[in-house]
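First chain A sits with chain B, and in the next complex the same chain sits with chain C.
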Partner chain A sequence: MQQLIFGLANGSIYALMALAIGMVSSTTGIVNFAHASVVMMGAMVSWWMMVIYGLSYLPALIIAIVVSIVLNIVMYEACVKKLGNLQHNVGWIITLFGASIILDNTARMVFGTEPQAFPYLFEGKMVTIGDANILLHELMMITIAIVIGIVYQTVIKKTRFGRAVRAVAFRPSTAELMGIKSEYIILLCFAMAGAVAAVGGVLIAPITFASYTMTLSIGLKGFAAAVLGGFGNAKGAFIGGLSLGIIESFISIFIPAGIKDSISFVIMIVVIIFLPGGILSAKIFNKNGFASEKV
Partner chain B sequence: MRKNKPFIVLLTLVLMMTLVLSGCGGTAETPDNDEEAAGEVIIGYVGPMTGPSATMGTATKQGAELAIEEINALGGIMGSTIQFVTRDDEADPTKSKTAVEELIDREKVQMMIGQPNSTSVAAAEDYVNQNKIIQILNIATNTALIDPEKYPYTFRTFFPSPVQAEALVNIAKEAGFKNIVLLGDTTALGNDGIAALQAACEAAGVTPVEAITYKSGDADMTPVAEKIKSAGTDCILAWTLGADGAKIVSALSRIGYMDSLTYLGYTGLTLPNFRELAGDGVDRCFTLNGSWSVDAASGQVQLDDARQALYDKIVEKYGKYGAGERTTTPWMIASGYDAIYLYKWAVETAGSFDADAVKEVLETKISDYDMKIGQTDTYRFSAENHEAISGKDLLPVLLDKMATSDKIFGDVNVRGTFEK
Partner chain C sequence: MLKVENLTIAYGKTEVVHHVSFDIKQGSVVTVVGANGAGKSTILNTLVGLHRAKEGTILYKGEDITKTTPDKLVRKGIRLVPEGRQIFAEHSVEENMLLGAYAEKDAKKIHDRMDEMFDRFPILKERRKQLGGTLSGGEQQMLAIARALMTGPELLILDEPSLGLAPIIVADVFKLLTEIKKTGVTIMLVEQMVDNALSISDYAYVLETGNVVFSGTRDEVKNSDDIVKAYLGNI
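And then the complex of A and B:
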């Protein structure tokens, strides 16, 4: 039980990261390599607001969300938009890696190098279920991630905006002909990814401590989760994130720390070899013969 | 353009010469020949005064300068004024080696402190010993740096890894812990620490239940905590750094196991933030220290009179711990201070600046040295042992408010927050 909750809690953060990576990827076809740094910035800004200005959790989170949205929009304008056709110009790999390094260095200069304690939600209160001690914060991590996932999926499936996103994801030029401003939709997707990044950062910071290196290891797991579930797929992001979290949580009990990440990635490689489109591309999920949707 | 060519070549040559000459110059005062003739002893120090290790590099320099100021005010060493020459090596072994060679060849130093970084010491230690320069290591911890046969003029007044490991194992054994777990990360630091702990366990006849490793910087340490719990651990001997150690303690509290064990860690636990980040579990966390924390007379975690007096001098000269002139713990400054006084005592006892005579005094008469302001009250040098401190001299110190105050480990509340 304890391991399951740990796995689900960490997995929910991987899922949020994968979801945000998918939001950007689905409409642009690119992978935001700077996403983990935006998650970190969300956590650091929030910590700063609480320590320097004495704000409570919620206002600090809102400011962090605003800052992360602005960061993602600036990143889009500066590192992606200028490159033109992203299928032919793969310069975004370098510009986004560069943006990631700039954000990390900026955080180091502004917030310092020392990890900082970040408060748990509900002041770290625990509940005991069976022989497992579970933090209310962990339950909130799982709940918030699921709520965000459901809201995003509903917006995508049921609203005009969602249809526009799907149209842009399918073919941006055709969407333009249908009167959809692809540019605007992509920008909104970047903004949404920024907001989700800030929420993920604030939720994981009490566990990792807030520091400019806090997402070094989990950043890679976010990409892994996106690939594992099915790249650019909202449901896949959650399946990938939660499976990765649970796998890690259980295997790390039995194997030495030095090879924990290797085992996770071996599993990921095997899945990709047999299911190149991720877990959701398996036949069991596509009985009617339809490939899983892109978003 | 062609017309200006000779001028440009000449200008380039002049600039190059200027750079070369300025590169040869030191960052500190160079002894004046007249003063040297009047009787001077030149002490050298190479250490990081900029870069990530600047804290300990500057601390040694500050301590040495404080001692030299006092000694010179009272007439120097056997009538010779101390001239202190320093170079910043930025913790770079290559720069350090060049700087040490320069101090020996050009400045003619007779004694050297440091360097604080083990890799820098290793790069230049051969040259120091070939030139018969007495060298006192006050911070560097690598085991291989002390070898009386290979490096006969190098002595250490700090405790290296095996000494810390010996102390940790003996403390756990004497306290009667049964299920001891060794804990370290998967880096070279953790591997060396675990190896030292295993060797110390073997020597003490202690069989640890398990050696658990973790990946430094891992986001979540609960799997490590679960392993510790499932091993039925009652004592952890930890080779963990501040943030990682704090994450593990926090994870142990999270699974409700912290109250069932004692966490005894090497001095990495004194890094800033451990106490803040570890949460309530810190009440069961101990680290090691020598006499610069426990007053032998009262048995309390406090400074004794001699160390309190030195602490007051340090605060008077460099201020309280915090951003600005003093950014490190008082014992680190005291270690530079102590190195100078130890050398002064050895020279005066030998009645000579001759390195062999000074070396012999350190090896045979160290029990007469009664200036008790170093990490321990007793130094244990001999012809076969150039380590001042043994595992028997170290004590467990609870990481409570007193221990983490400015006097002992530096006020951790200053660094990393915006409060003063």
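And then the complex of A and C:
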């Protein structure tokens, strides 16, 4: 039970990262390699607010969200928009990696190299379910992640804005013919991804400790989760993230902790080879499905 | 209504349209014909703001729209039905039409227009919950036109509406365009099916490698033996 909750909690962070990576990639077709750094920034900023300025959890989180949104918008304007057509220009691979290195090193300069303890939600209170002691914080991680996922999915499926996002994902120029400002929609997706990054950062920080390297391995697992679930798909992000978290957590009972991290990447490689579209692209999920032609 | 002067368009350094001028009168149907690669689609994409002109001006109702972005042009009443229809494959028919009305804020107007479209295209009403990508080519063309009409445009531009459709469906499309013309919408058309297009047109331009080589009324084009032989085949 403890393993399951722990796996789900970690998995929900992977899912949040995969979701945010998907938000950006669905509309632009690019993969935001700097996403993990924004997650870290979100965590560090809120730590700073709580410890240095003595703010409580919620205001600190809100400031972190604002900072992450601004970071992501600046990143879009500076590293992505200037490149023009992203299908023909793969410069974003370099610019976004560069942005991530800049963010990491800025964090190192501003916040120092020492990993900092980050407070748990509810002061680390435990609940007992069966024979397992479970941190309320972990339950909150799962709940918040799932709520974000459901809200995002609902917005995307049911609202005017969501329709526009999907239209831009289909083809930005066609969306513009409908009167949609594709660039603006893409910018909003970057902003939303920033907000989700900050929430993820604050939730994971008590477990990893807050430091400029806190998202090194988590960040990569976020990508792994996105690949597992298929890019740009909220359901897929959660299936990918949660299953990765659970597999990791159970497998760590049997194998040494040192090679635990490699498991997710082995899984990722296998999935890329056999199901390039992610788990959800498997035939059993698409009996009556309609495979759209992406032109 | 639309006046294009000295329009030059380039992709990078390659000029594909050279100093083209033409105008479209309110309420008329104008066809642009020409071989593949003559620059027809490029001109249309430039008119709706998807591509930037290198030189020249585009005037719409006397206003310079050469540098206006596509989303603003939609709000000004210019709509393009793009080549190959470009229906949003994973949006339902209804959602495609709602996207068509994206520029319209008034919910009641959207609702009324939707009803109007469903009256005109009963097949779309029948399939309103179906995904756009599951429609047949003809249905997709109807949807593409209905989608563009959702904002009540004054100038409707169509890029090869007959592309890939069965002849009987093509006839339907052109009949539909005649009906749309009757409602006062100005229509600009690029077509390979020249005889069909000319039959509903008031005026035609013939384009060759980025230059207008001939222009005239429908009858003038039909009576010009050279033009007919060179560009239009047997009609």
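Quick note on the criterion: the second predicted complex is superposed on the first by the 290 of 295 C-alpha atoms of A that agree within 3 Å, B and C clash if a C-alpha of one lies under 4 Å from a C-alpha of the other, contacts with A are read in each partner's own complex, and residues count from 1 in each chain.
Going forward, a residue touches a chain if its C-beta (ideal position, glycine included) is under 8 Å from a C-beta of that chain, and two chains touch if they have at least 3 such contacts.
Nothing here was measured: the structure is a model prediction, and the numbers come from that model.
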item: Contacts of A:58 with chain B and chain C, given as first, second, both or neither; value: neither
item: Chain B versus chain C as contact partner of A:163, first or second or both or neither; value: second
item: Partner chain(s) touched by A:174 [first = chain B, second = chain C, both, neither]; value: second
item: Which of chain B and chain C A:116 touches, first, second, both or neither; value: first
item: Chain touching more of chain A, residue-wise (chain B, chain C); value: B
item: Common interface positions of chain A, toward chain B and toward chain C; value: none
item: Residues of chain B touching chain A in the complex; value: 185-186, 212-215, 217-220, 222-224, 226-227, 230, 242-243, 246-247, 254-256, 272-273, 276-277, 279, 415-418
item: Chain B contact footprint on chain A (complex, rising order); value: 2-3, 6, 10, 51-52, 112, 114-117, 124, 126, 133, 135, 204, 207-209, 211, 213-214, 216-218, 248-249, 252-253, 256-258, 260-261
item: Sites on chain A touched by chain C in the complex; value: 160, 163-164, 166-167, 170-171, 173-181, 290, 292-293, 295
item: For the chain C and chain A complex, residues of the former touching the latter; value: 48-50, 69-71, 74-75, 79-80, 82, 84, 86, 88-91, 95, 98-100, 102-103, 131, 133-134, 147, 151
